[in-house]
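The following pair of complexes shares a single chain, subunit A, combined with subunit B in the former and subunit C in the latter.
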Partner chain A sequence: MNGRLKSVGLALLAPAIAIVLSILVTTLVIAAVGSSPGEFWSTMFEVPKPRLRVDIVNQTAMIYIAAVAAAIGFRMGLFNIGLEGQYTIASFSAATFAGAAYLGGFANVAASLVVAMVVGAAWAGIAGVLRATRGVSEVISTIMLNAIAVTLVGYFLNNYGVKEGNSVHTKNLPSGTTLGGWSPFEDRDGDIWALAIVAVLVGVGFWALLNKTRFGFDLRASGQSESAALASGINPKRMIVISMMLSGAVAGLIWMPALFGGARNYGTSFQVGLGFLGIAVALLGRNRPIGMLFGALLFAFLSVKSNDLTFGTDVSPSIVQITQGVAVLAVVVTYEVVRRWRTRLEQRAVSRELTATTGATA
Partner chain B sequence: MSAATAQRSTIVERLTKSWLYIGLIGIGVVSFVRIITDTDDLTGAGTIRAAIIATCPILAAALGGLWAERAGVVNIGLEGQMILGTWGAAFFTYHYGPWVGILGAALLGLVGGLLHAIATVTFGVDHIVSGVAINLIGAGAATYLAEAVFPEYEGGGPRQLNGLEAPAQVTIPGVSDLANTISDQHWFFVSDVASVIQALTTNISTLSLLIFALVIISALVLWRTSFGLRLRSCGENPQAAETLGVNVYLYKYVAVLISGALAGIGGGFLALVASSGFSTGQTGGRGYIGLAAMIFGNWRPGGLLAGALTFGYTDSLRLRDTQSVHSLLLLVAIGLLMFAAWRACRKQVKGALVVAAAGALVMAWFLLTDSVPREFTVMTPYVTTMFVLALGSQRLRMPAADGKSYRRGSAG
Partner chain C sequence: MRRLTKLSAVAAVAALALAGCGGSDSKGGGGDKPAAGDDVCKTADGDGPKIGLAYDVGGRGDRSFNDSAYAGLEKAVGEFDATCIEGEATDGEAESAREDRLRNMAENGATAIVGVGFAYSESVNAVAPDFPEVNFAVIDGFDPDDQANENVAYLGFAEQEGSFLVGVAAAEKSKSGTIGFVGGVNNELIQKFEAGYTAGAKAAKPDIKVEVAYIQESDLKGFGDPAGGKAAAAGEFDKGADVVYHAAGGSGSGVFDAAVEAGEGNWAIGVDSDQYLTATAEQKPFILTSMLKRVDVATYDFAKSVDAGKPLTSFVTYDLKQDGVGYSTANKTAIDGLTTTIDDYKAKIIAGDIKVPTKP
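Now for the complex of A and B:
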């Protein structure tokens, strides 16, 4: 019991240090440019208004889906930096499909989600296949695929999209297939999007997959030691392609809550950067379903609450990007330090016990 | 002794000869395509000038990547360091003039490099993870600092700072005019060479010259000095280097700091030379393209120069007319077919067929259309890199311990 408590304490130590560190750096940066850190923190820590609370929940959902997508790769030892490209091209495809209204009502929504997953999986699959067959680092290929996805979507949008003033977007969803959501406060405060539930499903699914299935075991095994996995009959190449595609399929869902909730088309309302936030949150939450939930909530809170800064203070909202970045860097560094420290503690404990037993027998 | 010198001279001879031939054939093909398709813009001095400007930031980032990876540290954070560089250049140029501005760009990039070095070298964090975090921090810091500082400046706003003084430009009087006259004749081969000379001798930014010089300096330092040898040994086999008394951590730190500074200079180039001021999001992924150019160039200075020039050239054509981009297709097709023939000569039948098929496809694309959508040119560097990686990954050789975490004392 004591040992368990200690290990939980050690696990929480790293994020705690990281948060303190990022608060410190943010404060210093704000003070360095001559603004007031006190005002900044008091604005940030005010209880958010109902409207912002709704936004925080919605953003948490999307960031969480992205984090799970990243974590699937991480647990396998793959670095899927291409979430950004995967969800861009998947969101565009799903929005185009949904806008074309081949199906009506709920069937349209379901089919569009499938389209998003398939496209995301296919786009990630390119990197997976290149890695498995040609040994191309997935980091480099997904960076390239990100750029290609963004330009490709731009091309299709400019040539086949609906032009409206200066902006271009895909066809609006037919009126029967927007899902709206649930408004916990007054109507003007907005809805929690119906598809935010996808985040819950993805989170539970991720937990069950890793801990309750053969595939999850294979995935974790390959991530920890490829040779051990190979020895126990796992085909590493197959695992690379499958887990990459799985990661891409989940990535395809990232923006779906917004599409069917508020956006209704792919255009200026498309939110970029969720992929990189997802990677950051996966790192912050140690690829654990619960850890990532807290990470996603923290990042969503920072991003949404920073909107208040424009009214009360002279600090610009982009400061929270520094806070987020520092938090990620600090958390990975402190995890590493804690890990080394823990190893040393264990080594010491083992040597103590060894000397004790040998001393007794002698 | 004499045998060694003899052997050495033949190697030098062979290398320079083969490069010379490849270069001559390359210019010949470009010139041929220019005349066939009647697009003088393909090698016009204006195009070459634009290409040089587009090449420099990519080249600086690629060099940064080279320094870090030769010491065994993968630096995905180049993009973030470059972004920091754009802000540094703007801030310091505004106050102290362009040359201090470039130093400022290097300094800000160096700070990004320092973060990366602390995380990866001292704490052994995964290099990619640290790089991603640095990109987040770099983008956030530049955006925030711009919004906090620049609105009060003359010509500034929350997202930009215009009217910055650029570094001086150089013109070599006699050569420039002569080259201009020759290139206006549009002769086969001669005029194409003349436009390159004209672009290099007319109103070329001193910062461009500096970045080109840095390629040569980097090559000499890394491959011709004992410092460079030790630095590269940290990238190939840090344990072995340690047993020989090399301070691996120190060399890795130096390499990553230089890497960040070079990426920062690339960012500075974007703010001071490529455009007349700072704007948020100015780098547009050029740090990543630099990384791609370095891989394309097989972790070698000459190779990354070729990669950066290729990417810079396509990037500059995009800004000019679509006609010349279209004739570029013919160029690519001929290039691919020649490469296929070369492979066939070496009896690599399968590879030759694949490349020939690709060449035929591009040729068909050229013959069946009149223009190339702008977006496709934007994609070129990325698609090229994917192909090079997919087809040539067996022949690419990165430093043996690249991207691996190393701890002092692990050599035992």
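Now for the complex of A and C:
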């Protein structure tokens, strides 16, 4: 029991150090450019207004889905840096499908989610197949696929989109298929999007998949040692393609809460950058469902609250990107340091016990 | 597995950091950004209207679009004894962040709020009904739904007319017979610039060749990407162009750098504000002229209308006739011989003899 408590304490030590470190670095940077760190932190730590609380929940949901998508790849030993392209092209496809209104009401929503997942999976699958058959590093191919996805979507939008004023977007969702959401405060403070629930499902599904299924075991085994996995009868090439596609399918869902919550179409309101945030949060949360939840919440909080900085302080909102970046870097570094320290502790304990027993027999 | 984690951590941080770099570059290379102390909103304390200015990606200090809006704000604050608040968009921000920015301004007592850039169209449409006593304006904006907003003005420009004039200038100045155009994002708005520019060039020299490049197909970061602007412009100079016009906001500084590297006899044309005045000493001699999109006039006009109690609403277009667009003659030695020709065309457009196309 005592040992368990100790290991929990050690597990919490690394993130705690990382957060302190990122606060420290951010403070130094702000001071170095001649602004007031005090003003910055007091603005950031102020209790957010009701509408910002709503925004934080919505952003957390989307970032969390992205983080799970990244984590599926990480657990398998694959670095899917192409989440950005996967959810861009998947969001565009789903919005186009939903806007075409082949189906009505909830069926349209459900079918659109399937479209998003299929397109995301297919786009990621390209990188998976390339890796499995030709040995192309997924890091390179997915970065290239990101650029291709963004350009492709731009092309389709410009040629087939609905032009409105100076912008262009996909057809608006038919009125019956916007889901809206739940408004915990006043109406004008906005809704927590109905599909934010997808984040919960994805999180639970990820946990169950990893820990309760044969596939999850295969995934973790392949991630930890490919040769051992191969020896125990797992087909690594198949695993690469499947886990890449699974990662892409989840990535396809990233922007869906916003699409059916308020955006109505794929256009100026499409939010870019969630894929990269997801990768960072997966690292921050060590690919664990609960860890990533806290990571997503932290990142969402920082991003949403940073808007307040433009009022009342002269610190640029971009500064929170430094906080986020340092947090990720610090988590990885401190985990490594804590891990080594822990190994040394264990080794010492073992050698102590060994000398004790040998001493007793002698 | 652990090595992968380390590698990916570095990559992820690099991605975040690079995103940050993009942001600061677009503000005109950090050090040259106007200091906070220069900000009129920090010192204004009159009892006139309170003006809110919500900048687009690139923000104040882009020496282009957003700075032009600031110039209008500065003038309005001086004349109407007004106060002001500013807010700046970050790259890749959520739609809700734009809404929050506008709501913050309204709650902080702003009575005239200007969203600088069409990206504010949706958010203004969402926020305006909640603040009927506040007047909103969106530069380049549009109404995204069928319900008209009574307290919103959509301030548009006839960019094609101004671009036509700099197209004439480019064609007249070009010795190689090839000129270039660099757009930030391939959308309806920027295509208006391209269309006018090409039409103007062909009007002056029917056999001129126009190289066209867009930095991004749809991603708005094309307006804050000097490296991308430089690459696109350098490609056109390589293809023989000797005058390149950019409509790429903050990415334009890269286009100027490309002209500098292409060397003497090559020119760049600025956009939105008079970029000769804000360019670095190295870039200045290469800036032939700038297409002026008088965002400052529109911003000032809107503030004036609110101050007078007759706020502008619905669609307003600023064209050549009302000096809403134009071209700059700040680089005298470069443009001197051309002004008569350009002004001829200008008169013809105003008289309606020339209809400038809005689509390439």
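Worth a mention:
The rule we apply is simple: the second predicted complex is superposed on the first by the 362 of 362 C-alpha atoms of A that agree within 3 Å, B and C clash if a C-alpha of one lies under 4 Å from a C-alpha of the other, contacts with A are read in each partner's own complex, and residues count from 1 in each chain.
By definition in this document, a contact is a pair of C-beta atoms (placed from the backbone, for glycine too) under 8 Å apart; a residue touches a chain by one contact, two chains touch by 3 or more.
Note that the structure is predicted; figures quoted are calculated from it, not measured.
With the C-alpha superposition on subunit A as described, subunit C and subunit B clash in the combined arrangement. Contact with neither subunit B nor subunit C is seen for A:255 once the two complexes are overlaid on the shared chain.
Of the two partner chains placed by superposition, A:206 touches none, neither subunit B nor subunit C. Touch criterion met: A:328 reaches subunit B and subunit C at once.
In the superposition on chain A, A:97 contacts neither subunit B nor subunit C.
In the superposition on chain A, A:188 makes contact with subunit C only, while subunit B stays out of contact range. Contacts of A:52 after superposition: subunit C is touched, whereas subunit B is not reached.
Once chain A of one complex is fitted onto chain A of the other, the partner contacts of A:167 are limited to subunit C, with no touch recorded for subunit B.
Counted by residues of subunit A touched, the larger count belongs to C, out of subunit B and subunit C.
Using the contact criterion defined above for the overlaid structures, shared-chain residue A:283 touches subunit B and also reaches subunit C. In the superposition on chain A, contact of A:154 is made with both subunit B and subunit C. Taken together, the two structures place residues 79, 81, 139, 151, 154-155, 158, 276, 279-280, 283, 316, 318, 321-322, 324-325, 328-329, 332, 336 of subunit A in contact with subunit B in one case and with subunit C in the other. The part of subunit B that touches subunit A in the complex is made up of residues 76, 115, 118-119, 123-126, 128-130, 132-141, 143-145, 147-149, 158, 285, 288, 291-292, 295, 373, 375-376, 378-379, 382-383, 385-386, 389-390, 393-394. Note for the complex: subunit A touches subunit B at residues 29, 33, 35, 79, 81, 130, 134-137, 139-141, 143-145, 147-148, 151-152, 154-155, 158-159, 276, 279-280, 283, 315-316, 318-322, 324-326, 328-329, 332-333, 336-337. Across the complex, subunit A meets subunit C through its residues 51-52, 55, 58-59, 74, 77, 79, 81, 139, 150-151, 153-155, 157-158, 163-168, 188, 190, 223-224, 258, 262-263, 267-269, 271-273, 276, 279-280, 283, 303-304, 306-308, 310-311, 314, 316-318, 321-322, 324-325, 328-329, 331-332, 336. Residue ranges of subunit C in contact with subunit A, taken from their complex: 1-2, 4-13, 15-17, 19-20, 23-24, 36, 42, 85-88, 90-97, 99-101, 103-104, 108, 118-119, 121-122, 130, 140-144, 154, 156, 186-189, 216-221.
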